[in-house]
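Consider the two complexes below, in which subunit A is the common component and subunit B and subunit C are the respective partners.
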Partner chain A sequence: MPRLSPPRADALSKATGAERYAFDVLPEGCLHAGAYRPGAALGVAHGRVRGVDASAALAVPGVLRVLTAADVPGPNLHGIMHKDQPVLCGEVIRHAGDPVALLLAETPEALRAGLAAMRADIEPLPGVFDPEAALKRGAPLVHQGRKDGNLLLRAVIEKGKAKAALKAAAVVVRGEFSTPVQEHAFLETQCGVAQMLPDGILHMTLSTQSPFRDRFEIGGALGLDPFKIRIRAPHLGGGFGGKDGATVQCLLGLAALNTGGKPVRMAWDREESILAGFKRHAVRLRCALGAEADGTLTVFDCRMLFDTGAYAHLGGEVMELSMEHASGPYRVPHVRVEGRCVYTNNPIAGAFRGFGVAQASPAFEGLMDELAAKLGLDPLALRRKNALTRGDENCSGVRLTGSTDLCACLDAVAGHPFWTGREDWRKSAPPFTRRGVGLAAVFNGMGYGRGLPDMAIAKVELTEAGEFLVYNAVADMGQGNASAFALLAAQELNQEAASVGLVMPDTERCHPSGSSSAGRSTYTFGNALVRACAALRHKLISRAAMPFLCDTLDGLELEPGRVVHRPTGRAMPLSVLARFLPHDDRICVAEFLMPVAQDISGSARGFMIGFPHLLFAYAAHLARIELDELTGRVRVCDYVCATDGGRVLTRQGFDQQAQGGAAQGIGFALFEDFRLDQGRTLTSDLTRYLIPTALDVPDTVSLAVDGCEDSGPHGLKGVGEVGLNGPAPAIASALRHCAGLRLRQLPFTPERLLKALSKARPAKARRSA
Partner chain B sequence: MMLLFRLNGQSVEVETAPDRRAVDLLRDLGAPHPDVKDVKEGCGTGECGACSVLVDGVHRLSCLMLAAQLAGREVVTASGLGSEAAPHAIQRAFADHGAVQCGFCTPGMAVAAAALLQDNMAPGREDIRRAISGNLCRCTGYVMIVDAIEAAAGKMRSDPSALHEERVASRKAAKSSRKATMPSRKKAGKS
Partner chain C sequence: MKVLTPRELPELFAALETPGAHMLAGGTDLLVRLRAAEREGRALPQALVRLDGVAVLRGIVREADGSLRLGAAATHAELLAHPLLRQELPELAAALCELGSPPIRNMGTLGGNICTASPAGDSLPPLMALGAEVELASLAGTRRMALSDFITGPGRTSLKPGEVLTAVIAPPARNFQVRHFEKVGRRGALAVAVVSLAALVRLERGRVAEARLAWGSVGPTVWRCPEAEAALMGQRLTLTALGRVGAIVRENVRPIDDIRASADYRRQVAGNLLLRLAVL
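On to the complex of A and B.
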């Protein structure tokens, strides 16, 4: 299929540098705010704050104020689910990036000099940096006074009788897996601008995925009326989950309360972004998969341990989604999954594309390959045999009534020459090189899940000038939902896409519609928008009937820029029709609430919210790799992903998500080796934390499976996340194919591969002898 | 110091500290007007390429340059390549081929592509990948960026008017008189 999609509405303004991100907003007379985070420099991740000395900083010309916890009005705590994170720490720092002071300065140079002149007296406290150690009796407590100590959340999914089924299974494979912290590394760091205006409204322009919720985070932490905070979210320079929740928000709000009404900007530099930003949770999983002799899966048992770092943030919710996906996109009658999410003095973990699922995928797919090898079955056939299809019950007991086209994804890659020719590829390896092809089947839930209404409210207006304006209320972090909304509105209103204007999220002008996350943006808001546009279309036709002197609506149609009466050929430009309508009448608002799964109480315990899900996107991935036996380096030569995202709205947008997700997944699998030592981040900048460059990832081929999700706008499902989940298991599978390696610890660095190769070699030599 | 240089074809005369980072100066000046912040900053250490500009036609990282190093130079930023109303062939191709997602890397990426196409009018995909390997993109996986640069090269070959000839000429002149005043990107990145 040719890429004939209309260009994204934001593409040219971005490519020419005209687009203004939050990073680029710098009002006249703007002050600069920066957080003082002493832990990193002092090498202390857990410590008592004995004193903060700002005298030298205040002597720096241009430094205006130094604020500490004592200056924070209100409870000084924020957090999406648990209010456990101080805006400024007054007594204790719980990780190396915790801030103890906020500086206000006239220039960025003065701010830098001021921050360098700050001193703090921090008494080191015993820290806990390993989630298993954190659960031991007597472990240092990250938060005092919690009934469960360092355990944030324990939850269990139980379906059938897993213990008995494991005993009865003809074959059982087991394994322990671990996945590391991953850094979002969006190109635009966390940033924003705030100003308290004389009307008492706190105005903020933020790089945020959750403008509506931010008001409550800021208001709650600083004791302000959330409805007196106005937040605007222009296009984000990347988010991937890392801008869901308060990053600069509360600090900037605090700054704006102390500038005498002047605007103030905060933009973290890359080191601060890595030090203080939210990360992907590191996870350890211990799993067992049982099957009958013919490969029919019977049982899956798993224990997972999540390190959420110093604060809860979304730790419990990420773990819950991970648990819900732990047994893979397969029919498994007996399932037991136990998850524990634990506080440590490591950096704060949170949402990251693939929200817990990316961590579970290498485990369930690794065991599927193990099982195929043990039973002598074709790994693709084994997956297809057990793949979930519409009408099946999934591991949490949810009946899948939505589109469930994993089989079509598997069929698409089964016929691909990379798969059919995989033995030729293996045999074609040059000396000192191994070649292999790996497969992974993955999925990802859509929406918030039960307990948290996944709702969006769309507003569309015919302006006085006769143009259509969509009030987009879901932040566009780069995935292109804003452009998709313009396109959906254009289709529904029978207009040219380029003629539909967009208002970007603004809590004053748009309606609360949730966060840009969970593969929900285009689905949920798109559905609401289609309804709003249908209502507006009907309204305009009805309103045109009057001046046309039509006593029925038959034959009246909305066309680009006008309403026509087909039988007589009369037409009225929208610019004229708009003048017949008072302002309120030119607006339509509609909401959409994502459908949820039937109640399945009994299968799960300990869950807060967000469980279970009803709708899932599916994908099958192929990785064709080359392993250098001498250096241990893995090169991904080719990559294919077949994705079930329902009906495709624009092929370009769909492929963008697939290819981008695959690249992040390849980084997760091979390069992104986030290193910590006693809570201190060693990979503190982009020279040490390596994300893929153009030379590190192949020309990923994206295939679309022809499906339709009946509940979606124009039949679509969200595909933002599923693509990230495939590469790690697919590359692991390819390493097994090319060298018989069973790698269970990500990332697959050259050191780990050389070690695994040296272990595998003698065994192989023995076998062939 | 009083700094004189050319920015996107316009003469600029500005009072600045000589050791100010060029990226800060360029973001302050803006072009064509101060609200335009087309030069981005993603890392400040020469790793991400978001601050890429052309200095006398050569791809440079403005976060690793000081203001004084711009003296007498011809600086071109993304907004100097083209505008929304009149985009450069590379910018048009980026939009048409889906090379833009969050777009924060895109101005710098377009500059890197322009530098490549000045030297090599018919680059292969591997040449393109090498040329943009100092420009990080976290959204796209690079496939459509490479597609776009390939397509732009084809367009510029078949329609030479899409080339900015005066810039090629100025680059040739500059090449002969270039002095080793600024660190090359690669050297700087490794130091």
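On to the complex of A and C.
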């Protein structure tokens, strides 16, 4: 009997508007902080700061302070891996969103008026906006004094002998691909509230994916003791990677040092969020895929160029994941992938759902379609033939010992009527319309990879009232991990899901458990939690033995709300049992460390951490589309994703991840066209930067394959990211099916499609259309 | 900032005498502009005069000559819910259906769309093709003029200080058999038009006797193409004929590049959209 999924733990509070996000926190007497970012208004992305004039701003009633770099205690630098980003820029701005001052005001109105009255004298410096140009000799340097100039990182993954294999391959397909910057566009912009209390503890409530790490970012940048910073992370109104790392954190910390103990709030508006927030890296790829005549893949060779923007942030780490996924979820004996990640004066790039993999999937799947066409093979059969299965060695030479059910995903799509009926769909196109069906096979690694322990520590408590409380230590950005934790705990403790309470991440009350990212949240913390709950269950049974006068634990069981002794039928409510136990005894804590790959036949040079990964989620996606010949507009009519996420904990949570990933991926494929001119963002708000609306995304069919990841909590794997990697290649594949188009530059805008159509089709055919 | 809510026209005219007063209909254009002004430290109006309380500015009424009189402060949603609009002005209904999104259509008004005079205003091409007129009123009295004369440039109208757009009058167009509107935006909702086309074609024995074509978003104001209209005369609506006229359109249209599309794309699509009129 399938167990009905209980509703998400946050369903009611969010649907009724009762849930309090960081954005909603506004304590009595709260001041307002805002960053002054002069580059955008001056049209300067790289410039020397000659002066900041705050006199007019300070004359605005309600403006209290204007802080500059000189007011920053400590090194004034932050960054997750490389400390290269100033909290406030004192000498140069390196992109149009760099801040040079922080204003404190009594009201939001005074803050806005103060910001509008600020002036800065910025001497424009030659900028560099193209990653290729940034590597040229004599290119303007984004950061002075680096041995490698604008090159942040160069890395190589190698397995076998790619060069020789390319020469020997019976057939080779090649291509150059590019993917653009993508904006997270979460509903809740970057925000938080901070207050320095008299005991010297800096209290912060933040919209953040990484509350534990934030303490070190803030402490490091401002010269504060990280252990004197307490961070709470309520539910986020979206994150998608864009709140992994310091957004408001250091600025708010600085503000709180200057308010005389008053609370202070910072909330970016949409324009600031787009101007200063982290983005998906734009990437250029040049790849070659070789195979035998029967379609067996033999070799993949690829060069990638990443634009990390003005600061390193997670550039190297995103590139690592991209490189590791570059040749797709296939068995390829010979692989060479070279990546370079480059500083420019463009906006800062960072983590984004599908972390590097979304940039690689259009290339590897584009070449698979190319190969299928060249060899006259069915594109699905070609993928199935080469798909990784358990026990295979992947492209980095990692032996896949975990669940690897891509074939089942492909089979689910192969049997779907949208796939079997694809030729009927193509033939049934109405006038001026092309119809096509496309397919993509994708995957996404889980966890931090080697070199950075992917650890979580879970705590669960039986309260004095006899209820259970889970101390969730991994932020919930909306993906539902907190609900999953309540459910896992309920299952392990044999309780009703609704009876398990949740504490949201709080560095004071919870244990450090890493960031909400990398498809790891539910997997890693869930594993720790299952262990903590098993320990608590055992403990409670043992503690009940005494009042029950049992000399063995046989027959004692934990039931909803009570412990029972089966042989005698006696029961003790948990509220009674709890009173027998001192507080410390009602708590269990356990940790989990994600397993890593041990013997690797491939090699990698250049990465600091993160190579390679052991566990992956897989998916096969299908897109059924219409292309309008007169305008080049694409309508995604139907969408199917079959996902291997191990065992499904709740269908609702699983489907929401698949559908949300598909929707965001459709945006990446068709609509989201982040435009820059000399480092200035032209798509500066959501009327210019278009994300899909409800009318642009079809109902997405989410299929689950029957799998089990033995190392996962109750058999599950993380499915948060894999869904984003499918739509771009699936839609590209459908465009090839309907009109023979070969699209390699994202997004597939009407303009590009119309141009491609007019090239693909002689003028005569148009008139007889 | 003061907010005034008059109920009758005389009250409205009086309210507009308030120094620094500005009219507020649905606010979907105005509030966006005021927010930007505030961010940039520019001056804001001292008073907003609401139009939504003035009952005579709403609703649809049939005039003696069969024209429809559309209240300037009627919201797009109100107009769409009115049976006369869909029956008699299908091209305008099609345009309003795609304007913004449900919340925008619930707040935004026809008068606001016209007075904003955006090159991409969705109601403008159908109203121009229909030959609509506007009614303007002030303490000095009432005047009427063609919509095409009222809109003088992007964001510019011949509205005088103290004057209110009270109604839009759409003459009957029942003898046009082909009535068409298409908006090409970058997505399905909440999209500024990249190109739009409203077309009214009257056929006699299958051949074009009159064609009125009006494009949005390809020029500073709605663009008409007399050469194309003339070339359609006497033609059947075949792909060949429409393709030929499309080429004339592409020769004459002078669109610009912007963040949403290039001039080339607009030119191409402005011509292509005519093919949709084909009787296949």
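Everything below uses one rule, namely that the second predicted complex is superposed on the first by the 755 of 769 C-alpha atoms of A that agree within 3 Å, B and C clash if a C-alpha of one lies under 4 Å from a C-alpha of the other, contacts with A are read in each partner's own complex, and residues count from 1 in each chain.
Convention: a contact is a pair of C-beta atoms (placed from the backbone, for glycine too) under 8 Å apart; a residue touches a chain by one contact, two chains touch by 3 or more.
Remember, predicted model here, so these are calculated numbers, not experimental data.
A.B. asks: Please indicate which partner A:754 is in contact with in the superposed arrangement: first for subunit B, second for subunit C, both, or neither.
C.D. replies: In the superposed model, A:754 contacts subunit C only, not subunit B.
A.B. asks: Going by the contact rule set out at the top, does A:631 touch subunit B (first), subunit C (second), both, or neither?
C.D. replies: Touch partner of A:631: subunit C, not subunit B.
A.B. asks: Is the number of subunit A residues in contact higher for subunit B or for subunit C?
C.D. replies: Subunit A has more residues touched by B than by the other partner.
A.B. asks: Please indicate which partner A:432 is in contact with in the superposed arrangement: first for subunit B, second for subunit C, both, or neither.
C.D. replies: In the superposition, A:432 touches subunit C alone.
A.B. asks: Which partner chains sit in contact with A:17 here, subunit B, subunit C, both or neither? Use first/second/both/neither.
C.D. replies: In the superposed model, A:17 contacts subunit B only, not subunit C.
A.B. asks: May I ask you to decide whether A:693 touches subunit B, subunit C, both, or neither, giving the answer as first, second, both or neither?
C.D. replies: After superposing on A, A:693 lies in contact with both subunit B and subunit C.
A.B. asks: For A:479, select first, second, both or neither according to whether it touches subunit B, subunit C, the two together, or no partner.
C.D. replies: In the superposed model, A:479 contacts subunit B only, not subunit C.
A.B. asks: Now for A:675: first (subunit B), second (subunit C), both, or neither, which partner does it touch?
C.D. replies: So A:675 only meets subunit C here.
A.B. asks: Is A:235 contacted by the first partner subunit B, the second partner subunit C, both or neither?
C.D. replies: Once the two structures are laid over each other on A, A:235 reaches subunit B alone.
A.B. asks: In the superposed arrangement, does A:112 touch subunit B (first), subunit C (second), both or neither?
C.D. replies: It touches subunit C, and subunit B stays clear.
A.B. asks: From the superposed pair, tell me which subunit A residues show up as contacts to subunit B and also as contacts to subunit C.
C.D. replies: Common interface on subunit A, subunit B vs subunit C: 269, 687, 692-695.
A.B. asks: Which residues of subunit C touch subunit A once you look at their complex with the stated criterion?
C.D. replies: 38-41, 101, 184, 186-192, 194-195, 239-240, 243, 259-262, 265, 268-269, 272-273, 275-276, 278, 280
A.B. asks: Using the touch definition from the top, list the residues of subunit A that touch subunit B in their complex.
C.D. replies: 3, 5, 7-8, 10-21, 23-24, 26, 108, 184-189, 235-240, 269-270, 477-480, 652-653, 655-656, 659-664, 685-687, 691-695, 697, 699-700
A.B. asks: Tell me, which parts of subunit B touch subunit A in their complex?
C.D. replies: Residue positions touching the partner: 24, 35-45, 47-48, 50, 77-79, 81-84, 87-88, 90-92, 94-107, 110, 125, 128-130, 132-146.
A.B. asks: Could you please specify the touching residues of subunit A with respect to subunit C in the complex?
C.D. replies: 112-113, 115-117, 269, 271, 431-432, 629-633, 671, 675, 682-683, 687-688, 690, 692-696, 749-751, 754, 758, 766-769
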